[in-house]
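In structure tokens below, several structures.
Paired with subunit B in one complex and with subunit C in the other, subunit A is shared by the two complexes that follow.
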Partner chain A sequence: MKGLHIHGVSHAYGNNKVLNNVSLTIPTGELVCLLGPSGCGKSTLLRLAAGLETLQCGTIVIDDQTVATKESSLAPEHRHIGLMFQDYALFPHLDIVANVCFGLIGMARDKARARALEMLDQVGMADYAKVYPHTLSGGQQQRIALARALAPEPKLLLLDEPFSGLDTNMRQMIREDTLNVLKQNGVATLMVTHDPEEAMFMADRIKILGRHGRVRQSGSPHDIYYKPNDEFVAGLFGLMNRLGGVVRDGAVETPLGRVGAGGIADGTAVQVLIRPEGIVLSGGNTGSNPGIPVSVSSTHLLGHSSIVSVSPDGNSGDEYFARVHREFSPELEDTIFASIEASDTFVFPLKEDTASAAPIGMAAE
Partner chain B sequence: MALGAKRVSLGWLNAWTLGTVAIALIVTLPILAVGYVGLTPSDDIWSHLVSTVLPGYVWTTLQLMALVGVGTFIIGVGSAWVVSTCRFPGKRVFEWAMLLPMAMPAYIIAYVYTDILEYAGPVQAMLREFFGWTTKREYWFPEIRSLGGAASMMTLVLYPYVYLLSRAAFMEQSVCVLEASRVLGRGPWRSFFSVALPLARPAIVIGLSLVLMETLNDFGTVDFFAVGTFTLGIYDVWLNMNNIAGAAQLAGVLLLFVAFLVLSERFGRRKQKFHHTTSKYKALPGYQLTGARAVLATAGCALPVLLGFALPAAVLASYAAIHFDDAANAEVLRHAGNSLLLSTIAATIAVAIGIFMAYAVRLRGEAVLKVMVRLASLGYAVPGSVLAVGIMVSLGAFDNGVDAYMRETFGISTGLLLSGTIAAVTFGYLVRFLALSFGTVEASLGKITPSMDGASRSLGHGTFSTLRRIHLPLIRGSMLTAVMLVFVDCMKELPITVILRPFNFHTLATYVHQFASDEQLGEASLAALAIVGFGVLPVIALSIAISKARPGHGSNTEKEMS
Partner chain C sequence: MVDLSSSFETECEIIDRDHRRLVEMVNAIVAAIDGDHATECATRVPKFVKFAKQHFVREEAFLADIGYPETQKHHDHHRALDGKMATILGLAAKAADNQLAREALKKDLVFFLMDDVINADLDFKPFIKVRKT
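Coming up: the complex of A and B.
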């Protein structure tokens, strides 16, 4: 089968285990994102696939050719892969065309040049052919690096945090353009990122790596977001309300209301995670089940939404965060009610080992 | 699971590791040979040496080291402090001019000052004329050909090492602590002794270690002044007593001195890392000096430059003008040709090997490689005379071995293949100056981000192709600097050349040495001037690096150059 196959790869730097029995398959034309906090070994997997790091355990196969085992390894220059670095790594002493031509080995000069210009045209940089890299902006350098990596028609494209060097406004645009170019070229792509939103946007499938290089979950962006395997995966997408409880009669009683336990046995101590957008605030006179009365202690406008912190009435020690659209301006005299959205609420058995869970708050961002 | 034909081994069996190990072994061979011969009991020369000359060598060498150490410390640190923290007339010029004496080999200013200051020289003649003295007994005049004289000569040309390193250290600390010290109520002098000096100590230790290594290396000055140091002793025991084992034993003891210096230098470099809290240069406080203080600062900085460079260069130039004639010039040209040839070959090979080793370490980063590279760089600390003995011993063994083998197998005597050839001299230069080229290239390679390598490799270029198409173009400037540094040091080199050169073969340095030793400095002045001329090149390069590293430019090239 065409594409990339990684079987049972483990890797350690001294005593520090960064990859733990990771397996991965990317068919041609698919884009897989490795998502995880920094230091979890996702870049190491990329470097192993590229041949820049020596494989310690497992096998790596590209297009039916075994390129690395524990015993031997094919040098990076013979793997026919494209690799794009976080810092783009454009060669400063070569102009843009020469940079893109660099990988077109054994091709006639004018043919290579034509191919390079074709790639530059695809990324919208054809006008910059004779320019040197240092005169270009970050976004422009990113496009050149993409064109350079794709020019030799690699069997596999590896992207290492490809958008992290760009400012926020630029990022969205470049992401879209990059995705277009990748789909046009139909190459198997492995991308590494620590930004969940980016992974959701780009990936056909997402693979989540936790601490010590353990795979926590893999699946479509939809599965990852709506059916997280554990609190680590759920916690990747930003701020989380974490509540404790015990399952009784197939449900958990929380200060914000009853939550279905999803098949967890009665009597189990559980952790309930609710996304801020899963706490719905209302004026109280809208439905039959308005929820429980809460009081608002603070509100912060973030732009397209606001984060509101609320405490259940009579229990001001507990504080929960809710996300509402636009600016939140409650009529002060009105009672505010909070209810929970089931699709944004997750229940996991409380583990002995909670050390691997991400800390509460915005830690994943 | 079969891999393709282009399989890559993961072990140490590859061109880079094997090559580096081979280079390191070949380059350390002379040092090992000295140790081996020195430790092999041959005859009772050792006890003879111990009971006669050895204590004298030790004592003289220690005295010389102490005097040069103190001298270069005072001039080097003092001028560095004044130049980097005060504003006074000529400061901008002194920033680079303080380095000029570096261009002057110690033996050359020794010849010049002897010529000026000896009994028949112009200074004493003038004094006699002025005071009406007629004989030597009527007045006292310091004897230049003495331990003190040798120490003065070396101090005058070696202090720039201390100046360079301590100035860099002062510039770095200025931002973070000096102003804090002033704000906390300490005056300039107390700030200097309580803050600046302790912080600069690691850098100063490195500078002094380099100075003392050069002091041990010096042959021309101590030979001319007949100051009985180790270097001279080795030469003496070998050539005059014709005892190579004794020479090697002395060289072994000298290596102990060197080991101490290398350790203190390493210590300094290790400490230095902790002390660099910031890499940002900012405008220095700049105490404005006026009146007598300004005059004192200007004079204090001008004096070492005048005595260490301007005066001797002027004297040589005037001699060269007087003695200018075609016959002599033709001879000088011939020797200059030899010097250029040897230095160019040695510099080119040294830089090529330096690039090979630096790239090997970058590629593979194995612990073995790092040790090997460290070993291969040891030559910079080993005095030329010791290296020469080691090369003589190891090449002799090689030649004899080949000769014996060839006679046994083919009945042909090959005789001495390498001993006493320019190949031996070139090898000596390589061993001694490899560290210089390696260090320069390594620093420059270190500035290229590793993702460049990854990008090139993933685009289908192998290690050699990546080196040729990415790294070499990017480090071209530093490569040229490295070639120049090694080239100039080879031009100035004396002890290795004197001992290893073929019969009747001269370089500019040995030619100057021979004529000046016969008190015919006039005849040799053009050649000496040529050496000084070449010596100015690295000073210019350093000055440019320093002006780039000036506050506002933010780069740190100054330290890499040293």
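Coming up: the complex of A and C.
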């Protein structure tokens, strides 16, 4: 199979075990994101694939060629890999076209130049061929870095947090453009990020790495978001309301209403996680079952949405966060009701190691 | 098109034979979609899912027979794929008249087969190898 095939990779730096039996498959033309907290071994896996770190355990295969096992290793320059990191690492004393030509060793000069210009055109930087890197913005430099990585037509592209140095608007734009260029070039891509939204946006498939470099879940962005395997994965996507309860008659009674237990046995102690967007607020005159009456203690406008803190009436000790995607003026409503959206609500058996209540919004592993 | 290149082989013929059949079925589905015969998904994909489930049962029985110590874990792994198979069936039902469903189906099928099913089986390859020698 063309693409990347990693099986059974574990890695330790001294006594520090950072990867634990990681396997992954990326067919040519697809993009897989490794997502996980700082220090879980994401960059280490990339460095192993690139041949910049010696493989201790497992196999790495690129386009049907075994490039690394415990016993043998193909030198990085023979792996046909394109690399792109957060710091763009362009050569300051070379102009842009020379920077892009740099990886085209062995190609006739005219051909290399033509190829470089073609790539610059693809990333929308053809007009900048003659300028020097320091005159470009961070986003432009990243476009050049992408052109340089793709110019030699690598079999595999490795991206390590390539956009993390850019501001929000620039990031969104360059993500989109990068994705277009990658799809056009049909290369297998492994990208590291610790930004869940970025992974959702870019990836055909997401691999979640947890602490000690263990794969917690792999699936499409939709799977990961709507069918998280556990509270660790669910908690990656930001603020979560965490409630406790016990399953009775197939459901959990919470202060905000009943939640289906999704097949977890009666009597099991569970943790209920509700995304802020899963708590729906209404003014009460909508439909016959508006939900539980609540009072609002604060609202914070975030731009696209507001985060609203609510407590069930008569129970001001419990506070929950709801996300509202439109103008919301609680001061103009007589009564506000909260109800729960099933698709943003997750129920997991309470495990021993998560029993100690994690603060709201913090992902406990 | 995917294939069962050597790095994906468990080197256990009865397992690899099933895997090759699964690969053929996925390639046929992808070819049907690419060749404008997406209506075939409605029959081909359920057959694929059925064969995959039968394969899981055969494989688990085989692992139990040879005394593979992590048979239960592998069984749990297969069970955890139920949700993905349900998604795949759902996409197949929509594939005939929905471009997005066709694209998602191709992706999900290939990753399911090569990453979740076949790559995961390489975990027991060293055990079979040791047993053979």
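Brief remarks follow.
Convention: the second predicted complex is superposed on the first by the 350 of 365 C-alpha atoms of A that agree within 3 Å, B and C clash if a C-alpha of one lies under 4 Å from a C-alpha of the other, contacts with A are read in each partner's own complex, and residues count from 1 in each chain.
We adopt the following convention: contacts are C-beta pairs under 8 Å (C-beta built on N, C-alpha and C of every residue); 3 or more make two chains touch, one makes a residue touch a chain.
Only a predicted model underlies this, so the values are computations on that prediction, with no experimental measurement involved.
Contact with subunit C, but none with subunit B, is seen for A:Leu24 once the two complexes are overlaid on the shared chain. In the superposition on chain A, contact of A:Pro152 is made with subunit B only, not with subunit C. Using the contact criterion defined above for the overlaid structures, shared-chain residue A:Thr59 touches subunit B and also reaches subunit C. Touching more residues of subunit A than its counterpart among subunit B and subunit C is B.
Touch criterion met: A:Pro92 reaches subunit B, while subunit C stays clear of it. With both structures placed on the common chain, the touch criterion links A:Ala50 to subunit B but leaves subunit C unconnected.
In the superposition on chain A, A:Phe102 makes contact with subunit B only, not with subunit C. Shared-chain residue A:Pro76: touches subunit B; no touch with subunit C. Judged by the touch definition given at the top, the superposed model places A:Lys227 against subunit C, while subunit B stays out of reach. Residues 59, 66 of subunit A lie in contact with subunit B in one complex and with subunit C in the other. Listing the residues of subunit C that touch subunit A in their complex gives 2-8, 80, 83-84, 87, 104, 107-108, 110-111, 114-116, 119-120, 122-123.
By the touch criterion given at the top, residues 47, 50-52, 54, 59, 65-67, 69, 71-83, 85-87, 89-93, 102-103, 105, 145, 148-149, 152, 158 of subunit A touch subunit B in their complex. By the touch criterion given at the top, residues 1, 5, 7-8, 21, 23-25, 27, 30, 59, 61, 64, 66, 204-205, 218-220, 222-223, 227, 229 of subunit A touch subunit C in their complex.
Taken in their complex, subunit B has these residues touching subunit A: 1-4, 6-10, 449, 451-462, 465, 469-470, 473-474.
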